[in-house]
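Sharing a structure here in structure tokens format.
For clarity, chains are labelled A, B, C and D in written order, and residue numbers in each chain start from 1.
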Amino acid sequence: MATETQTAEQTSQRLTDATTKASSESIKDRYRRVRELSMRIAAPLSAEDCAIQSMPDASPTRWHLAHTTWFFETFLLKERPGFAPFNPSFERLFNSYYNSVGQPFPRNRRGQISRPGLNETIDYRRHVDDAVTELLSESELSPSQLSVLELGLNHEQQHQELMFTDVKHALASNPLHPIYAEDPFDSTTAPKASPLRWRSSDETIVEVGHDGNGFAYDNEGPRHRELIHPHQMASRCVTNREYLEFIHDGGYRQPEYWLSLGWDAVNQHGWEAPLHWISQNGDWHQFTLSGVRPLVLDEPVCHVSYFEADAFARWSGKRLPTEFEWEHAASGDTTGEIFCDKLLQSGGVVHPRVTGDSDFLGNVWEWTASQYLPYPGYRPVGGALGEYNGKFMCNQFVLRGGSCATSSDHIRLSYRNFFPPDARWQFAGIRLAQ
Amino acid sequence: MATETQTAEQTSQRLTDATTKASSESIKDRYRRVRELSMRIAAPLSAEDCAIQSMPDASPTRWHLAHTTWFFETFLLKERPGFAPFNPSFERLFNSYYNSVGQPFPRNRRGQISRPGLNETIDYRRHVDDAVTELLSESELSPSQLSVLELGLNHEQQHQELMFTDVKHALASNPLHPIYAEDPFDSTTAPKASPLRWRSSDETIVEVGHDGNGFAYDNEGPRHRELIHPHQMASRCVTNREYLEFIHDGGYRQPEYWLSLGWDAVNQHGWEAPLHWISQNGDWHQFTLSGVRPLVLDEPVCHVSYFEADAFARWSGKRLPTEFEWEHAASGDTTGEIFCDKLLQSGGVVHPRVTGDSDFLGNVWEWTASQYLPYPGYRPVGGALGEYNGKFMCNQFVLRGGSCATSSDHIRLSYRNFFPPDARWQFAGIRLAQ
Amino acid sequence: MATETQTAEQTSQRLTDATTKASSESIKDRYRRVRELSMRIAAPLSAEDCAIQSMPDASPTRWHLAHTTWFFETFLLKERPGFAPFNPSFERLFNSYYNSVGQPFPRNRRGQISRPGLNETIDYRRHVDDAVTELLSESELSPSQLSVLELGLNHEQQHQELMFTDVKHALASNPLHPIYAEDPFDSTTAPKASPLRWRSSDETIVEVGHDGNGFAYDNEGPRHRELIHPHQMASRCVTNREYLEFIHDGGYRQPEYWLSLGWDAVNQHGWEAPLHWISQNGDWHQFTLSGVRPLVLDEPVCHVSYFEADAFARWSGKRLPTEFEWEHAASGDTTGEIFCDKLLQSGGVVHPRVTGDSDFLGNVWEWTASQYLPYPGYRPVGGALGEYNGKFMCNQFVLRGGSCATSSDHIRLSYRNFFPPDARWQFAGIRLAQ
Amino acid sequence: MATETQTAEQTSQRLTDATTKASSESIKDRYRRVRELSMRIAAPLSAEDCAIQSMPDASPTRWHLAHTTWFFETFLLKERPGFAPFNPSFERLFNSYYNSVGQPFPRNRRGQISRPGLNETIDYRRHVDDAVTELLSESELSPSQLSVLELGLNHEQQHQELMFTDVKHALASNPLHPIYAEDPFDSTTAPKASPLRWRSSDETIVEVGHDGNGFAYDNEGPRHRELIHPHQMASRCVTNREYLEFIHDGGYRQPEYWLSLGWDAVNQHGWEAPLHWISQNGDWHQFTLSGVRPLVLDEPVCHVSYFEADAFARWSGKRLPTEFEWEHAASGDTTGEIFCDKLLQSGGVVHPRVTGDSDFLGNVWEWTASQYLPYPGYRPVGGALGEYNGKFMCNQFVLRGGSCATSSDHIRLSYRNFFPPDARWQFAGIRLAQ
């Protein structure tokens, strides 16, 4: 296969070709639209909301706003003649993990830095936006510049999802349970979940991974053949109602349902339910971005770790699908409606919804049984951007399909998200296979 | 001695009598003056500056503003008929360590709470200030109310000092080294330190502790007799110049100068100089509240731990004074000028100054060789306020004299400050004895 | 596929059939032979050598001797009428991780228990051996008993390997570098490593996993089809000489060769070379079971973590093979000579040797790029023994092929060993693919 | 005072003079007697019992045997012409904390070292004993040699007490509860504790500290004057019966009785009773060196931390005495009977006994309210031996009087033992004052 000897330059070329052809929206409009969404997500938050970090894995909103800007400054603007940084200290301060760029500021101390404040951060964004816009107006971008720009926009969309999950975690840590935004949603009129059905698949060889049309991360390729074993896939995700049965049946108290590391996590953290579930006088409630409200039983279960997804599956006598089974099963799926951009547009809050059958995309990320490993022939691109994905391919599990916090133009069937098996603060749920 | 059987009520009585007689300033004016100083300290800070917590021992400025207010609300207003809390959740959120009042919010997570924000916190202060002012206008306060009010004001003054040291630590943690306030001070015109002289004292029995005139904390009493052994006391504190000799002589690399726990701390934290010292191209600079500036050699050394003070003394062939030697030696001292209220009034920044001989009070706290233990006959007052001081009498060392961050009306010769031996973020320096 | 609905009973049946047919050696002889090897491994050790635990992941030799005995007592003897335990406390003391049997004694405290001592432990072994021998003489074992017996013997062989690696770690921790056994081996006459060649494979579908003839662990099945992508496999493992080039080229100082978690491990532990390498006056030596000796450059590199194997591969521009590529490539390999039973028999010490081309089995375990996950249709057996393998299928990597510390009758092409990616104390080396 | 300018040489002189005059027993006999007691303490233990370390603060018996020998080798024999070490590696291996001698082997890893084994350790002792005996026969020892010899014997006696408490902790950690030695003691015939009486003292100035007659540690001097405040001292220590009342009254569940750090310790470790107390079916038992037996209510409470002693005192409405009040009160006391040498001689086991009134010395150490600080004019001796005591004068509390594990010729009224406030594994109890 050609991809096995593919070089970094070729990858860059491939991404670029795809990008320039993909959309009727001008790149300038797209840049503005994506960048504005970040500001819109931050809009309901106070300066202090944007400053805090409620756990080492989460980052302050203000840091997200600055780091996504730093990406464009560092990888797109810095190489231009006459470039002057907005503030030379920002290079270190807003580097996330690119060792090749320099020693990043320690991740777990991002919430201990009060300056630059929110206003100065917005100035920083504006400054870089002006420079990028000027660049886009001035001249035709080189393929490698276009490729970096596209990567930067997708990178920002990833961070937009983290802005939601991180700030949700931060607000939830506050005993006052502050509200991010009011939600007009009336849970009493929510529809019922559709009955669970099983879709069979025979053994087959399928092509998986990204086909090179349009943008994709390097970890989605090379496209290659995988052998799918005979299996059945659930028609929809597990609901809160089904998950409650697992809890009531003592799921969190029986080691036999759990991986050994999972059982350690249950005991160490005292897990008794998904994250953001709150027991009040014997009734389960959920902390949401619009405050605490009674658990809606037909909604898909959310904010579970891989360990919980796996334990639930074992308790059910089923298993989680592999990422290739998932990609194969989802292949007929059309994009759903439960995405952050669509929810915001309709005045809704970012939260999972009861959906029907065809819900592989959006709503909740779906944990797969696949650990996050490189595809055959995978090679990271050279230079600092090569640190983007490859170096995290260890001890993480793949999630597929996007969530209610993902932008609808940021998801693909080949998209591989990944988190450690104890991570719970993402909008992650469960689809079963057998 | 009567004090041995003294009851909590008697203590309260004693404090009150003292208070009401102590000052020509009305209690209402005094309340306003002290409360306003807190707001003045916070004035140069952004909402984000007030939100962050740069280490578990420090607290956000906003927390200090709220907690000092909580103190008046909880101990003065709550018992009044018709009392309604500003926000019932604040009881837990802004409790520091009073187990009798309820389970405090975890100290090391104070920087992870974004609400109430700065503005709401200021509203909270105003609300409580109005209620207290109303109380003061309405009626004669009972002795016990007066006593709590006085304690609350002293409590707030203590926190004012912590606001300076905590925010200094927070700003210093930021690679941008932000400036709290510009300082007109010109270090090149600083005077020279006076020559070190030794003042001898023969064996004698002295009365130490507070005499009951005016306010004092319970840990300053009962006044009692102590035997002072013959000794000599240094006429001034150790200077940066003298401390540099210790560094140059390998002081931080030789275990024989250090207590065993101190040597552990040196190695664990990689100490090579006092906190806030910065080596730039071979020259020592200091991070101050007005930014980074060259070390002023004649200023008293500051931001050292007990371990460093003790190691320096051992290297010098001297020792630290006991708290009773200190109180005896300082007894002729008049209040100095290097206090936070006086510095702010004259437009200066809170930072130690080169001083002359008579500097027992103000400038820098002075570590003593005395571990923090109760005086003979000491009994904490009853109830929640009994948790104020007594329960910390273990593994801490006494500091005496106040600092440039202390209010001049908050210090006394009998005042016992205390910190663990590895604490460095206070304005603490060294006076030798032999 | 039938295996997908396979029940625990069927698994048990399958193992049993295989076992009874597999060998001309009587089960009684085999039991004696395997049990005696454990005693032989412990023979050169003092009572104290057998007592210590040099890290939480390792166990004292005495614990291995007792735990392997506990396995037979608990799973084979306990169900017999009239059974009386040798000592009722041993049930908890020598349980490793079977939560269904009861709360195990904490793993990291195994080295803090001095009793039962070595002599009593040997009595315990003898007592159980007598009872098992009696059982074997008395009557035909049931299939399920035979299955447990076979599992117990394989379990003991696994622990025999750990006895070598754990005691090697313990002796290496001692600054005296004690010798386990003298070795007649003369490194100056060691042969040269054969030149590295690459063997190509086209895309193909292969059957992998155990075929049911003879004993296998449950994690080796079900046998199933896997798609192999085109690749090339190295003809032999990486040598110390080749690994030294990586070190000299700054391999341990450049983050770009490392997985993110691997780079953390390098920095946290200060790794600069494989475990048991010792730099003396600029020359590399190795601590071996026969003491410290100069590094033999043609021997396969050993005692590396997955992180180091992966970093070396990235530095080489190659990668590690998947476990299926490995199983496919090794399929023509005949059993080698570098196994613990054969080495002991010839008076040699357990240590890797320079070998020729056909060395997939024995010598050093080979890290694969495959995280340890269940095969399609895998189901753990029911009951306590179901905890044997399945619950560890998370955040570990598969190693294949056995090592110089493995018994030659304990290895198979389908054998899946697994360790976390930072484990270094096993005899684990590196084979490259591309 | 002369002592303020006292030099190390003078200290050495003083100790020596005292030593040579103190006893009719020849120094050679005394050396043999003390050294033999160590072997006698180890006699009931297996090689494995002597190897293990059940917590970082404890050491293996074998390490005690070797370290006390190392002391004589390093400080007495090493300076002799023609000296050859028994094993050069032992210098580092058996150094406890003398940084001046070299980097000690990490304390918390002493239980991970299996060699030298018990037999080789005994050889080491014999080797050094022969050399010391030869030295004693050959020639008159110099004053400084005599001083070191005396220090070495006292040092060994200190470690003999630790051998008891460390091995008790180790055996107690074993679920089998092994017995160190059978005890003929019949608890049902134990006498009743005498009624508690209070002995009053007026304010007075007393001389405290060692007077220079006979051996003393440097931390017991200089002898100096202290002011004693009026107080009352309990006639005997607190009994198990009295301590049980505290437990039954919720003592371990009420924060108001506890120092802040003490309350943290209670919660962190889950303390509910003194160390070695075991609740069986609602009845309290005690693990002793002769196994588990019912709690004897009239015995003094033992194995409590300073935190527990202090909390008990606060609950009682009393306090702990200062070390000077204790020394003053004990001054008329004659040596008691409950010491390790006397108990062993009479065939008893090392364990506290019900005693009468005059029990300041022996039985249980008594926590005082005094933190461990230097006396006025204290200076450590020069050189490595100067590290003996002084460097630990921080965050520890003084205990007085010796215990059932102390040798009767190793205790003095001026003897200052010291432990951190959370230490519980010593034979430490409580005497009240008010």
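What we mean here is this: a contact is a pair of C-beta atoms (placed from the backbone, for glycine too) under 8 Å apart; a residue touches a chain by one contact, two chains touch by 3 or more.
Here's who's who by UniProt: A, B, C, D = Ergothioneine biosynthesis protein EgtB.
This is a predicted model, so every value here is computed, not measured.
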Any chain in contact with chain A as well as chain B: none
Number of hops, chain B to chain C, where each hop joins two touching chains: 2
Centroid comparison with chain B (C-alpha atoms), farthest chain: C
Identified repeat of the A-B interface (over half of residue pairs identical), from C-D, A-C or B-D: C-D
Length of the line joining the C-alpha centres of chain A and chain C, rounded to whole Å: 38
Length of the line joining the C-alpha centres of chain A and chain D, rounded to whole Å: 60
Gap in Å, rounded to a whole number, between the CA centres of chain D and chain C: 47
Junction residues of chain A, two or more chains touched: none
Chain-to-chain touches, reported pairwise for every pair that qualifies: A-B, A-C, B-D, C-D
Interface residues, chain C side, partner chain A - complex: 1, 4, 97, 99-100, 203, 205, 224-227, 229-231, 255-256, 258-263, 319, 369-371, 373-374, 376-377, 386-387, 391-395, 421
Interface residues, chain B side, partner chain A - complex: 46-54, 62, 87, 89, 92-93, 105, 109, 111-118, 170-171, 173-176, 178
